[in-house]
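Chain naming follows the written order as A, B and C, and within any one chain the residues start at number 1.
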Amino acid sequence: MTEEQHFLKLFAHNLKGMTGLVIVLTFVMMGVLAPFVSPYSPYATNPNAFLLSPRPSHPFGTNVLGQDLLTLDLYGAQISLIVGLSSAAIAVGLGLVAGLFSGYFGGVVDEIIMRIVDFFIVIPALVFMIIIAALLGPSTVNVILVIGMLSWAPTARIIRSMVLSIREWPFVESARANNAGSLYIMFRHIFPNVSSVLYGNAMLAVASAIFTQAALVFLGVGNVTAISWGGIIREAYATGALTNGDLSYVLPPGFFIFILIFGFIMIGYAIEEILNPKLRLRRQ
Amino acid sequence: MSEFGNYLLKRVAFAILSIFIIITFDFFLFRLMPGNPIEILYRNPALTSAQIAVLNRQFGLNLPLYQQYYLFIWNSLLGNYGISIYYRTAVSQVLYPSLENSLVLLVPATTLAILLGIMTGRIAAWRRGTVTDGFLTGSSMALYSIPTFWLGEMLILLAIASSSFPVSGMYTIGEGFSNGFVQLFDLLRHLVLPLVTLTLVLYGQFTIIMRNSLIDVLDEDYISFARSKGATERYIMRKHAMPNAELPMISLIAVNLGLTVGGAILTEVVFNWPGIGLLIYDSINARDYPVLQAAFLIVAIAIVLANVVADVLYSYLDPRIRYS
Amino acid sequence: MIEVTDLTVRYGPAGGGVRALERINIRIEEGSIFGIVGESGSGKSTLAMTLMRLLPKSGTVEEGVIKLDGTDILKLPDREFRKMRGSTLSLVFQGAMNTLNPLIRIEDQVAEPLILHGEQNRAKAIEKAHETLQLVGLDSSTWRKYPHELSGGMKQRAVIASAIITGPKVLIADEPSTALDVITQVQIMNLLRTLQRTLKMTVIFISHDFPLVSEMSDRIAIMYGGKLCETGPNALILNRPLHPYTAGLIDSVPAVGRKKRISAIQGDPVDMRNPPSGCRFRPRCTKATDSCGSFDYTVTHAENEHDVYCTLYGN
């Protein structure tokens, strides 16, 4: 059995991991199928049916513009997944490269990269993002870029600490003795050995990006025009639906964000648990 | 001892460098953005000509960029943040009260979350692999996953339905307090919901951090050795395991302060708590860039300084650093 | 005197899992040094942990009796036995580098067993700790230090000090010098021997290092795959090994100044999850015969309490 197969087998037997996977896949389906299963068009407004309470024709009611809330909640999965996955890809990619360089070259390169990492870990990312996103103006791409560029530091730190030990392994030594280039060694020999940790980390990055996107939209920065769960919650808050006790308006979008984040965190934690035997549950 | 001194020196130097970088970011961010918002705003007709004259003198808005940059660093360190467009007073007069209000919420929430996190993390680690552990770890992850602002809104719904606690602001508006005690009581009632919200969202992560840290420690040889000396499990936990597991918590708490502040901002906005988070939110809507610029600066610097404090504390508590 | 009878220890669930020890019989005379040799997985550390009743949660004693001066210590209630742990029976740990708590001063860690066993007066306990530290060769400059400030050998001396401070009857030393360099190793061994004599302790010395064990011990036991191969007086086993595994161990030891080809034992260590039938050493044994496959570990008593578990003998 190869290492990947062994990992997959352990993952398949991990309750947390499988729960997370089912959750995430459900939301992916929801996002993909939204155009086909939604009862209304997400953009269709109806001035005669605004702020309706839940009823058979509108199970979650309607918003101020008379848009069907169930439809909006289904469509909301799209932007959360797109922003979550793309920002995490940027963050993890940057973190991987920074971590590899830092750990592999050591010395001054390491010192400089790690101080930058320290800086990015310490600064209040959300404040930073609010300001940049507010200044850049509303656009989904901007939000993705801002979240991605400000979230790579934790990944870099973890990858670096792994590279530090892998660097000393015999196969890296021998590759170096054979005059293999640094980049070649980094990506060909070291990368495969850090990739599994990277996946675990990526899941946590997705979770935090989904949260950040929703938070930014809630605060009114980022792309407030796109259909998103954070946006629906903001709307409910701003139009007084919340203080009216309009549960079907506020509850579903937040609950979806919560469950989706929870799913990614469970997957990430399961991967970590499989890789770190100390955390593995002991069934004895 | 000189090693130790060196270590501290290095951390302080890094903090100074960080603050310098933050100031630099802050300066260029607001000046190189499309439309140069700062310069436009300082020519804002809402300000009196006397105010604009003061700003020009203080920030040298007619001077070349590098001189403005130099003046900006100097002003930042002196606490001159310019004039708020919206409030039309010195930024510091808006900023400092907000900062205080934020601390009223942030300090008890973080403290509570840490103490509760240590308690439950300890139980989870102690019973690792059991149903108890599964429940505690699972619910911690759930709490960690809940969007702060949504949790706040759910609590608001509950509070309105049960008309139990005020859901907005720090004091009852228009209330003349007969004495300090009544005022304090009113504050505490307003504090309940934001405090619960922020504590809950922070609490989950501290539980998980504590649990994993403790599980690592419980596998160490010195734990088995203590057992072989005839120590009870309770004694081992208290005397050997907890101190070693709590130590890394100090730096983790400091490092996570950025996230904590993020949670605080969202909580303040939801509950209209007049802290720095609400100030940032309002400033964005009012395009009050001088306030925004200063708020970012002050929050970032506060976190850097908190990290220095954590570093010093950590190195003092850990003999491996203190006597290296 | 310690008498171990038919001791069997299992890791994992009943009916499955791994038998780390199976039907072990050992007698250890009071005031002697008893050596236990075996490679990793032989069960020697499990034996030590069973003697201390510190098996991990997955470990169960399936059967057997461990008598210390006539009382079966496996039958004692937990509370009762905990009073003996660290006072009557002490353990010097394997992997000594992390045996000391990094946050506690040496003197406090050495004094800890006294306090755990009822000493109310901390000053008194510390004073005794200083005496004991001196006894193991650590002078006053080290007393108030933290573990990371000490060398490996010094740390192991401190560990020994905290094991002997209560004046235990029995000291179990599990690979006490393995992580140390050769010179420090010799010093630690000499220290243990001196302490054994002056304090009149029974020492159970466990190591994978055959020459080291045989140099230290009065009697030794050789273990393989959770089973005993051979027990007997040290000199006898060294000069006339009966079990092929013992003979192999002796042949694989290089000796300085002696021109002799060293030969390693062929084959892989036993897979404890799936042990061979009969004699565990059979797949690697050069003298194996068909009857070894059904060997039931019947003991053969050779002369002078020299016992061997092998089909080559008996009948």
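Simple rule for what comes next: contacts are C-beta pairs under 8 Å (C-beta built on N, C-alpha and C of every residue); 3 or more make two chains touch, one makes a residue touch a chain.
A quick note: this is a predicted structure, and the numbers were derived from the prediction, not measured.
Q: Smallest number of touch links from chain A to reach chain B?
A: 1
Q: Find the two chains joined by the most C-beta pairs in contact, please.
A: Summing C-beta contacts for every pairing gives the maximum at A-B.
Q: Report the inter-chain centroid distance for chain A and chain B in whole angstrom, where each centroid is the mean of the CA atoms.
A: 22
Q: I'd like the Å distance between the centres of chain A and chain C, where a centre is the mean of that chain's Cα atoms.
A: Inter-chain centre distance comes to 52 Å.
Q: Among the residues of chain A, which are close enough to touch at least two other chains?
A: 282, 284
Q: Within their complex, state which residues of chain B touch chain A.
A: Result: residues 14, 17-18, 21-22, 29-30, 33-34, 37, 128-129, 133-134, 138, 141-142, 144-151, 153-154, 156-157, 160-161, 167, 212, 215-216, 219, 255, 257-259, 261-262, 265-266, 269-270, 280-281, 284-285, 292, 295-296, 299-300, 303-304, 307 of chain B touch chain A.
Q: Write out the stretch or stretches of chain A touching chain B in their complex.
A: Residue list for chain A touching chain B: 16, 115, 118-119, 121-128, 130-132, 134-137, 207, 211, 214-215, 218-221, 230, 233, 236-237, 242-243, 245, 247, 250-251, 253-255, 257-259, 261-262, 265-266, 269, 278-279, 281-284.
Q: Can you name the residues of chain B that touch chain C in the complex?
A: 220-222, 224-232, 235, 240, 243-244, 247, 318-320, 323-324
Q: Which residues of chain C touch chain B in the complex?
A: It comes out as residues 52, 54, 82-87, 90-91, 93, 95, 97-104, 112-113, 116-117, 145-146, 148-149, 159, 162.
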